[in-house]
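I have a structure I would like to understand better, so I am pasting it below and will then ask my questions one at a time.
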Amino acid sequence: MSRVDGRERNDQLREIKITRNFTKYAEGSVLIEAGDTKVICNASVQDSVPYFLRGQGQGWLTAEYSMLPRATQDRNVREAAKGKLTGRTQEIKRLIGRALRSVVDLEKLGERTIWIDCDVIQADGGTRTASITGAFVAMVDSFAYMIDNNMIKELPLKDFVAAVSVGIVDDELLLDLCYKEDSNAHVDMNLVMTGKGDIIEVQGTGEENPFSKENMFKLIDIAEKGIKELIAHQRKALEDKVELFKGE
Amino acid sequence: MSRVDGRERNDQLREIKITRNFTKYAEGSVLIEAGDTKVICNASVQDSVPYFLRGQGQGWLTAEYSMLPRATQDRNVREAAKGKLTGRTQEIKRLIGRALRSVVDLEKLGERTIWIDCDVIQADGGTRTASITGAFVAMVDSFAYMIDNNMIKELPLKDFVAAVSVGIVDDELLLDLCYKEDSNAHVDMNLVMTGKGDIIEVQGTGEENPFSKENMFKLIDIAEKGIKELIAHQRKALEDKVELFKGE
Amino acid sequence: MSRVDGRERNDQLREIKITRNFTKYAEGSVLIEAGDTKVICNASVQDSVPYFLRGQGQGWLTAEYSMLPRATQDRNVREAAKGKLTGRTQEIKRLIGRALRSVVDLEKLGERTIWIDCDVIQADGGTRTASITGAFVAMVDSFAYMIDNNMIKELPLKDFVAAVSVGIVDDELLLDLCYKEDSNAHVDMNLVMTGKGDIIEVQGTGEENPFSKENMFKLIDIAEKGIKELIAHQRKALEDKVELFKGE
Amino acid sequence: MSRVDGRERNDQLREIKITRNFTKYAEGSVLIEAGDTKVICNASVQDSVPYFLRGQGQGWLTAEYSMLPRATQDRNVREAAKGKLTGRTQEIKRLIGRALRSVVDLEKLGERTIWIDCDVIQADGGTRTASITGAFVAMVDSFAYMIDNNMIKELPLKDFVAAVSVGIVDDELLLDLCYKEDSNAHVDMNLVMTGKGDIIEVQGTGEENPFSKENMFKLIDIAEKGIKELIAHQRKALEDKVELFKGE
Amino acid sequence: MSRVDGRERNDQLREIKITRNFTKYAEGSVLIEAGDTKVICNASVQDSVPYFLRGQGQGWLTAEYSMLPRATQDRNVREAAKGKLTGRTQEIKRLIGRALRSVVDLEKLGERTIWIDCDVIQADGGTRTASITGAFVAMVDSFAYMIDNNMIKELPLKDFVAAVSVGIVDDELLLDLCYKEDSNAHVDMNLVMTGKGDIIEVQGTGEENPFSKENMFKLIDIAEKGIKELIAHQRKALEDKVELFKGE
Amino acid sequence: MSRVDGRERNDQLREIKITRNFTKYAEGSVLIEAGDTKVICNASVQDSVPYFLRGQGQGWLTAEYSMLPRATQDRNVREAAKGKLTGRTQEIKRLIGRALRSVVDLEKLGERTIWIDCDVIQADGGTRTASITGAFVAMVDSFAYMIDNNMIKELPLKDFVAAVSVGIVDDELLLDLCYKEDSNAHVDMNLVMTGKGDIIEVQGTGEENPFSKENMFKLIDIAEKGIKELIAHQRKALEDKVELFKGE
């Protein structure tokens, strides 16, 4: 049986494309494409930390997330025009920040902040997980920049991290849902996982269709498979930085 | 081995106390106490629905969540004074809304909105899960009020719903973490489950300590045990309404 | 002639109940009940003062006031959701602050701020005056805490303070109006008075029915009688702290 | 003994000047000067009522109050730049609205709103009471405009209304305090009164110096004398409209 | 051919009246009247500079602009009530600030800020250009105040500056448009110019009727003529300060 | 003499690249590149008009403008995070809207709104003028979409429109300034012009260096030359739509 967007298998990722140095000013800049979902992930290095961390000799990483108004089928009102972030945006920016911080050794950063900006220019499902996967690569580039500029000596990194969505649509357990699948899903779950296969974050909801423990465990297994492939994509995209990972 | 707050077992809930009719105006009003965590859960019936649902003949349920400034060890700035909801508050109010809507038959409500207000007057960990568990009882009371006043004919309810937290502290897998445990937890997970044992929502994070799939599955099992006990508490608290549940 | 809520006399207070240590974290925590009006009054000690007082060696006290959305017959929209305080809330928080500051010796506090949080959980008229009366007791408890912890040596207190409402309903001059009386009142007045019988604040309005000087003076006399009784309630609630008041 | 601004008597008003038709667009436009306090009071007629009054066949009156940033000795930050009204502004705008509504027959207005805008261009104490006194005249002019334009048939007015401040400075009881007196006052009271001598609003505060009932009563007497003089000024300013007041 | 407001010539200014010392607290205070357009321009001296200039030994000048709600034919909602500045207000306040800064020698000011507040009390077209022309005079008075108080030694001024509007109405090229002309204009242009005849700012728009280069150049010539007359008015208003301009 | 970014002539545009159909959902979607300045211009068709135009049978066009936080050398705070638009953003969005509306026949649109979203992903000077030039092409594509879908019958277009910046740097008059030139410019001017060579908008400022009329006229001539080339680029980009322009 084939998927609505033409994929052949339920546990198949969409085509992944990771373009580094997408814009010229950011210390790390990545365009990640997962099928028709496209996100610009910029990593910026700032020479200070938030108030609550000053003087502690450690760094910080924080993320922001936004969609262009017409990234979607219908135009959304700009949050800047509304004057506040929606609850959804706040959830996603917090999720991205937690996911990336989980693999960063903040003490090795010094008193610096890495700002991760994920701006969705086209949305076809899975924008938050694509943001995490792409932002990881931009973050590594910003670390490489810091090494090149003698700000730090080695990668302040504990592991890789990537994320993917899984869900149940018409009793089928699917990996990496596109928007059409997502809007028909009974269960929608996002998994964030490290290169070693440990879970950083799991969020699953079956608001209209509660789901069994058995299905949950199966979904986790499918997501794990997808994340392994995504991390392989990240490794490949970063292969010119391979020497930096030696100490990892 | 005993817990930091004196509990004997890792899979033991704190003492649960559910007081109905806690305030006099709300159609449903519950004070839920889970150890030292205390939340007022009020359910209000409003004779209209949000704009996006008008004319569709169905109802809606929405939740809000807040803490008194001194519900916690240190005083928090009031969100009304800041002029906006924090990201944490928005996540929690959305979670409570999804959890309760998942067991309500919105079509049977008619064009009415149930407002769930969860106000934490004392916080010792697990305020969002206590809010869900207590709000369920307040919601049932508001439905009983609607039946008594001939607004609806039967309980617009598909199942019970309750929620609990689990986590890993010093390699111990614990049920229903109090604040001291929570702030030392490597892994923190919330589970929302129905009376039939299906999962509505799972949210787990190991920001500083990624965790294995095996531990995740064990935590789910422990949480499931806790939720069964919580639903038993809900049933007991509502035993004078037992005839309403016949059709359930 | 009897009152709408069953009281026998026009100059009769509702039943007053003052519960200390109502929540466990605040340095002073009181639940005050005046008939069906119920307010949680928490006093928090903070080790700093606002910007405009820094370096002057004196303290400050500020108050905030809020109602749970369903403290009233109809649900009110949360001010945190609206993103701003209503004019009514601002008036009341300023009134409570002025009333309490009038009896505190701010210089004896050192560079500390006392935060008074009055949260109405059930409203049946007179919430602002009950807030002042209850908050006074919470404030004294926070002072006792400061003495016990060697932050100050003696009560920084000049006098007791309490407040009550009076009004004219159908030509009757009434003390301590409940909501039903209040909503029918032609004249509505709040009086804040010290233990010595001096006036700190008087606010009276007859928007729809201007009133004579003679009636105003009579209302003041009735309010004075009520405040004396309220202060007796405060003294009784605080009788274990009686030795602290010696120097008063 | 003479006053700080050269007045001879404690119960003496400052010089009052009322200029009608001060600006050309408003249906009523008054510049009121009380000594160095100068307020532009504009009354605007709008052909609709707020949502809560629609379809009830009655009108509404609402007031706004603001100060130019440099109306005062030191420049104040604009509320439009801060993005919100201060608590003080909200109190004053509500007070002005209540004071004027108390003498208007809202049912005779039809479904119209009178907007009262009081903009202080120079502040030397007593801006809120000058606003009320001046706005009354602007309001009458807007009613005259409505009669001339066949919107209403007669003055929708029950009485005159004016306001004044009184206070205690160095044990002297003073009428109409200028800023220098006001900032040294132990007691500060504002009285709003009708032409018939009834009280609409009294607000008195002795935050730092509680005051006796006797002094309060004396202050009311002094204020009453001042208000009678202010109403004489209003009558004189409006003498070309004398025939309109016949039915009053 | 005569203009809609009775002026005889297309290149004729309205009657200009500049009243200095209009209010008593501001270091410079001017009421400028251009026909029926009336703007209060206050200049305030503040002993500090914005954050981005601290420690650089130079000063700053910033402007704010507002209209009274009933400065216009129809009442406008107050920006303070809306909680934000409109785009139009922001454009105008930035324009006024740039115009005045262009002739001020900020280094001679020392670390001080000049706040320019332009408050329109009556609007009949050309409020932004009248604000610039009037604010220049208020600014000079604030500099004179600083010299008198030994804060600076000489006028920190490079030149005069004034502004005027021009436009095309029914193929006529007009100087200094009143509101009725402005609302019928096909082209609307504002010019800010120095005493030496150099351009500081030009803003022209023909949204509904694009205009030729030739007409643009003619409009600039007409505006130049008007600005020369306005600067003559400024010189005359300031003639008692003539000795200050010697070094200019 | 050569330019800082390697261009040979002062009146030379940077390389222009216009990519249509850049994202897949918008009715018109263009990436415009002017040298290193890159802007996504999306045009969205909405089937309604703002409140003030309802029932008048005509359409509307409105624009929004934003920059990705790291479009620039240093990271900017997101306006959505600040909760309000800066004055600069408001000026630009109003400018873009006026520029495009000037060539659209709003009556032919029917009661529809065209939303123009200009999102700068990389900024090297001239972002507002590039936005106008690119948005024109996106807008035409959205009109073509409307024709294809039988919403309108012909292009509701009166002319082409494009915009460019000019300025004076070290006495050289330059066309199409890059960021490095712009930040050293004494004079900065933007011109919006139609295909027929008429001016829609001119904005020039010499805040720190007032400029002569003669230089202004020369700058206009240089800008006119640039705009003609930009319109040639637009024509070429749209050459598959050439038949639509027949009636133009």
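The letters A, B, C, D, E and F name the chains in turn, as written, and every chain counts its residues from 1.
Operating definition for what follows: contacts are C-beta pairs under 8 Å (C-beta built on N, C-alpha and C of every residue); 3 or more make two chains touch, one makes a residue touch a chain.
Values in this document were obtained by computation on a predicted structure and should not be read as measured data.
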Inset, instruction - Spell out the chains that contact chain A while also contacting chain E. - result: F
Legend entry - Number of steps on the shortest touching-chain route linking chain D and chain F: 2
Legend entry - Interface composition of copies chain A and chain F: same or different, split at half: same
Legend entry - Centroid-based (C-alpha) most distant chain relative to chain D: A
Legend entry - Rounded Å distance between chain B and chain E, as computed from the means of their C-alpha atoms: 60
Inset, instruction - Round to the nearest whole Å and give the separation of the Cα centres of chain B and chain F. - result: 52
Legend entry - Whole-Å gap separating chain D and chain E, where each centre is the average of the chain's CA atoms: 33
Inset, instruction - Take the average of all CA coordinates in chain E, do the same for chain F, and state the distance between these two points in whole angstrom. - result: 29
Inset, instruction - Note the residues in chain A that touch 2 or more other chains, in rising order. - result: 83-85
Inset, instruction - Head round the ring from chain A, going the chain F way, and note every chain as it comes up. - result: A, F, E, D, C, B
Legend entry - List of chain F residues in touch with chain E within their complex: 84-85, 87, 90-91, 93-94, 98, 101-102, 159, 189, 193-194, 196-208, 210-213, 216-217, 220, 224
Legend entry - Parts of chain D lying in touch with chain E, wherever the complex brings them together: 23-26, 29, 36, 38, 40, 42, 44, 46, 64, 66, 68-73, 75, 78-85, 89, 115, 117, 119, 121-122
